[in-house]
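Below is one structure. I have some questions about it.
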Amino acid sequence: MSAIPISWFLALSAVLFALGVAGFLFRRNIVTVFMSIELMLNAVNLSFITFSYYFKKVDGHLFAFFVMVVAAAEAAVGLAIILTVFKNRATLNIDEVDSMKN
Amino acid sequence: MQLWLIPILPLAGFLINGLFGRRFSKAVVNVFAIGSVVLAFAWALKTLVALAPLNTPYTEHYFTWIQSGTFTLNWDFSVDRLTAVMLMIVTGIGSLIHIYSIGYMAHEHGPNHGGYYRFFAYLNLFMFFMLTLVLGANYLVLFVGWEGVGLCSYLLIGFYFDKKFATNAGNKAFIVNRIGDFGFSLAMFYMFRSFGSLDFGTVFKQAPGAPEAVLTTIGLLLLVGACGKSAQIPLYVWLPDAMAGPTPVSALIHAATMVTAGVYMCARSWPIYTHAPVALHAIAVIGVVTAFFAATIGMLQNDIKKVFAYSTVSQLGYMFVGVGVGAFSAGVYHLMTHAFFKALLFLGSGSVIHALGGEQDMRRMGGLREKIPWTFWTMMCAGVAIAGVPPFAGFYSKDAILLAANQSAPWIYWVGTITAGLTAFYVFRAIFMTFFGTYRGEAHHPHESPPVMLVPLVILALLSLVGGYLFKIPEFLAPLFPALEVHENFTLMAISTAAGLLGILVAYILYVASPGTADSIAGSFKGLYTLVYNKYFVDEVYDAAIVKPVVNGSRTVLWRGADAGLIDGLVNGAGTAARGVGSVLRRMQSGNIRSYATWVLLGSVLLIVFSVMLWGPLQ
Amino acid sequence: MDSFIVISLIKVLVVFAVLMTTLAYLQWVERKVIAHIQVRPGPYRVGPHGLLQPLADVIKLITKEDLLPSYVNKPLYLMAPFISVSMALLSISVIPFGPTIQVGPYRTWMQLTDLNIGVIFILAVSSLGVYGIALAGWASNNKYALLGGLRSSAQMISYELPLSLAVAGPLLLSNTLSLRELVGTQAGGFWHWNVLRGPFPQIFSFLIFLIAAFAETNRVPFDLPEAENELVAGFHTEYSSMKFASFFMAEYANMITVSCMATLLFLGGWNAPWPAEYGSSLVPVFLFAIAGVIALYHGMNAARKRDKYTFPAFGVIFLIIAGVFLLPFVQSWLMPLFWFCAKTGTILFAFMWIRGTLPRFRYDQLMGFTWKFLFPVAMLNLLVTGFLVAWF
Amino acid sequence: MDVILFLIFAIIAVVCAINVVVQTHPISSAISLVGVMGSLAVLYLLLGAEFIAAAQVIVYAGAVMVLFVFVIMLLNAGAEVRKGRSLMVQLLGVPLLIVFLGLTAYFVRRLFPGDVTVHFGGFTGGTAQAIGRALFTTYLLPFEITSILILIAIVGAIVLARKELD
């Protein structure tokens, strides 16, 4: 018993993704919400790597790589936005940032 | 061989003058404008000499312009003997007229003081497009040039854009040409559908095997295009008005080159026409009717440029007759000789107008023979050439056409001969009214034009005299076109020559020997005179039959009814409806990101569920 | 399988023990070097020439009262030094100190484990080291500590870029990511070392690597996270006793790691500077013999009473070491180890030397220096290297 | 051996992920997230993705999360305030999540029955060399576009965080 069913990896990925969604839905701090997004991306990456193993192809790794790069870019811009929002509104509560309403 | 250099040179001249001309002195503008065209002429000459004897077309591929499905269109230039003739005419006459323009436009500022460089920039642009038209190896490249020269024609007719009649004339030319271009476009669509290509080579190779109905349709549609560009009935109305532009423009664009594009295109399409006799005959009929019709109008015009404008329409009709009776090379032959003597007539009339400080009405001229002798003698050369007096240029080409016409349909020969007489009459009427008798105009001491204008006149005069003999186009083009057996017939030649001489004689009697006779004759045929003098009221008929209904219909039905009522109503209704729906839906837009995220989650869950329902569980 | 585990375990123990001792004595060496630069004797009281000073320090740090301020974020406060030191020690595990060694029937590398992405692993682990400092600064709930933590995270992220780019140069030349193979490609003399090797000698890379390494380890002149005259002691203001010692250990372990990296990447690892047939194996013998003779000489002309006994003792030890280097059966593994230690030691000495020489940067100068100078130069160097490697 | 490793790190990942969601203080969430990423890196190694594992640690744990920690420290963000609410989330959130998890579980079971297994060394195509090769041949265009994206992100971040915005 030294082999893991591939579905375990995918199940883990699904669980992590769901936890990321839960964080996105139930957390109010912008930074935490942002981190939930990163968690979801990581879960998807795990799926990519698993599929790469499944198909014995390197392409999944490339997708994961691009996801990482895009996540890094996203983090840079997103955190800059968070900084600006905090400067202007002195709050990090996502429910209070709703000036697009009305 | 770097064919692309030939059109690119004038384009470079256009770009330089068009972009920076405002800052240049006139001398600098001249250097770029004339230099580029003369260089293009020189390069064309060098290319043609190098390519001689040019028995097979020489093609250069530059790039793939359009690639869509099975449709591939390359930007190709190709040269064969027909193109060679056209190249020489366009660049040669173009160069002469450019040089002439230096003198003619010397005192020209035009609106906004930008006239000088603008004029030469447009002229160079015209050269570019005309050369593209001539060099193009497929119908679409030809069409690019075709549209481009139309644009330049529009720009140059409206050169004095602060004058209402000039802009109107420009618009008229543009709009009438659209009708022709529409036909041309349809012809191309149909051609692509039938042959799958627009390349001359490919299309012409398939043409003999195609059904006659297809070829006839394409031929007639192409003819519509040619009628528009070459000012044939019923689309000729724009050309007389186009005289609103500067005279060199009339000479270059509206006499020597652009208007002959239709003839060129029909001659180029001979493989289609030879297998579509109906379309070919239609060309001949349109041509001869136009020739006669325009000649009668030309007899009674008093504006010197209008006379030559109608003359141009008439002579273009001759070329169509040539093409239409299957004597393609004769048509091209006349195209060339016509370019010589008509350019000369226009330039000469320009010289007269220049001498008189802008006067165009022949009734206020007269007796200018001694005052501007160079102009007089060169215009005399043109006159005998166009009248078909042997052995001058017009004689050869006109004779070739009429002989061929006689073989095809004798009535065309006879109408053509009568027209030849009329032609001789109105041209010499113009010359006699201008140069003989006494000066009827106001003060303003007439002066001879500067050498820079006279040199092109003299060169063109020489060409008008001996060009027909020197350049035997039918022999040169013989390998290109299907052979047409024409029997020399001295009787017919004598008749048409006599008609021309008779025309000159009548003109001499009416306007030199006994002035005043003309008016009394006009008086006795009052009705006919009024009809012809007013150009058969064609403009008025068009106005009443087409323009007014279209304008009124647009105003009432399309604007008030369709646009304001239906479309605006729809738009406004859509707005109202959107606002109504929005006021309901905006409750979803709570501004709360987390609720949005819930929507996204709901959506993705539903998406998965639906996809399972649609395609069933995978595997 | 079992022997693999046992050997690995033994190797871990040996490396750990040696490393800890080295860490402790590095501190002593540094104090001594700086003292001599500043013309003073340095630690002198505890043991001969203060040799037992590290031991005393350790005892002091262990026995000191372990303060836990009431206002700190406890879990993170306690985690920070742990992260720091474990990340610092983790990277040692992939560093090879020498070629294979034969012990009885077992043949093994002088390396805990070899990854074929060893270089990247070290970069990855060192990038995690930021957390220790950043969290320490934040969890301390102290403005100086917070400033220090912020500075260090910004500084370390910034300097990681030129560091990575500088590392890429020799990797291009050697065409491998494995540290073992990296050394293998540089064998045959100092002109084969990446720092001097064609087609494009990585001198610039080497200098950039050293500068960035100084910043990564928070050493002078880039010690802003703990600038004592601005921030009291920066991120470790609130730490005392063993937790403070952990940061200290982490810093020195990092120094050792980057020095080893520099040696492996640029200076040919354990390869001798010139081949053994030209006498490179006699260098350590001569060095230790000369050291021994000098010590004996000083012992005979002792300035102080104690020196009469200590100097001759050291002299004899040095001479014995010199003798050991002459034994053929240990030479095969001792020589590479010597060269590795010599090179690493030289770089470590440079660390201390610069600490004793250069003043501290101002913060904006520090950031401007890396972004506006170091990073572009590293980029250019990498480009040129890449082109030349592709060319030849 | 592989199973044990997987279980250990899977459990660490899940526990850390739960911690990310339930911790009220962002910095605790951030540290937990680093834990998730680290254990995922180990799982990547297990799947033969050594380069991606290293990249995961360097890019995610070493750069992105440091940035998060940095921003949290800079803003000195305190624990979350429970203010404002969304009816949508409260009503639909949990049921939807459960449905979603159920659907994914269904698909995983359906598409990947237990006969395909993972063991260490089963796939060795994830070396830096292989990835580099794919990156600069098949995926050259995405790679170049990504680099432009990063450039834009840098410019955007600088513009956003400039002092003039105050």
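Just so it is clear, A, B, C and D label the chains in written order, and each chain counts residues from 1 on its own.
Note that in this section contacts are C-beta pairs under 8 Å (C-beta built on N, C-alpha and C of every residue); 3 or more make two chains touch, one makes a residue touch a chain.
Model, not experiment: these values are computed from the prediction.
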Result of counting contacting C-beta pairs for C-D and A-B, higher pair: C-D
Per Cα centroids, the chain farthest from chain B: C
CA centroid of chain B to CA centroid of chain D, Å: 70
Separation of mean Cα positions, chain D and chain C [Å, integer]: 32
Between chain B and chain C, centroid-to-centroid distance (C-alpha), Å: 87
Multi-chain contact residues (two or more partners), chain D: 51, 55, 63, 67, 72, 74, 84, 86, 89, 93, 97, 100
Interface hub residues of chain B, defined as touching at least two other chains: 590, 592, 594, 597-598, 601
Sites on chain C at which at least two other chains make contact: none
Which chain pairs touch, all of them: A-B, A-D, B-D, C-D
Complex contact set, residues of chain A against chain D: 1-12, 14-23, 25-29, 31-32, 34-36, 38-39, 42, 45-46, 49-50, 52-54, 56-59, 61-62, 64-66, 68-77, 79-84, 86-88, 92-93, 95-96
Touching residues (chain side chain B, partner chain D) in the complex: 590, 592, 594-595, 597-599, 601-602, 604-605, 608-609, 617-619
Of chain D, residues touching chain A in the complex: 1-3, 6, 10, 13-14, 17-18, 20-21, 26, 29-30, 33, 36-37, 40, 43-44, 46-49, 51-52, 55-56, 59-60, 63-65, 67-68, 71-72, 74-75, 77, 80-86, 89, 93, 97, 100-101, 104-105, 108-109, 112-114, 116-119, 122-123, 125-126, 130-131, 134-135, 138-139, 142, 146, 149-150, 152-154, 156-158, 160-161, 165-166
Parts of chain D lying in touch with chain C, wherever the complex brings them together: 27-28, 31, 34, 50-51, 54-55, 57-58, 61-63, 66-67, 69-70, 72-74, 76, 127-128
Complex contact set, residues of chain D against chain B: 84, 86-89, 92-93, 96-97, 99-100, 103, 107, 110-111
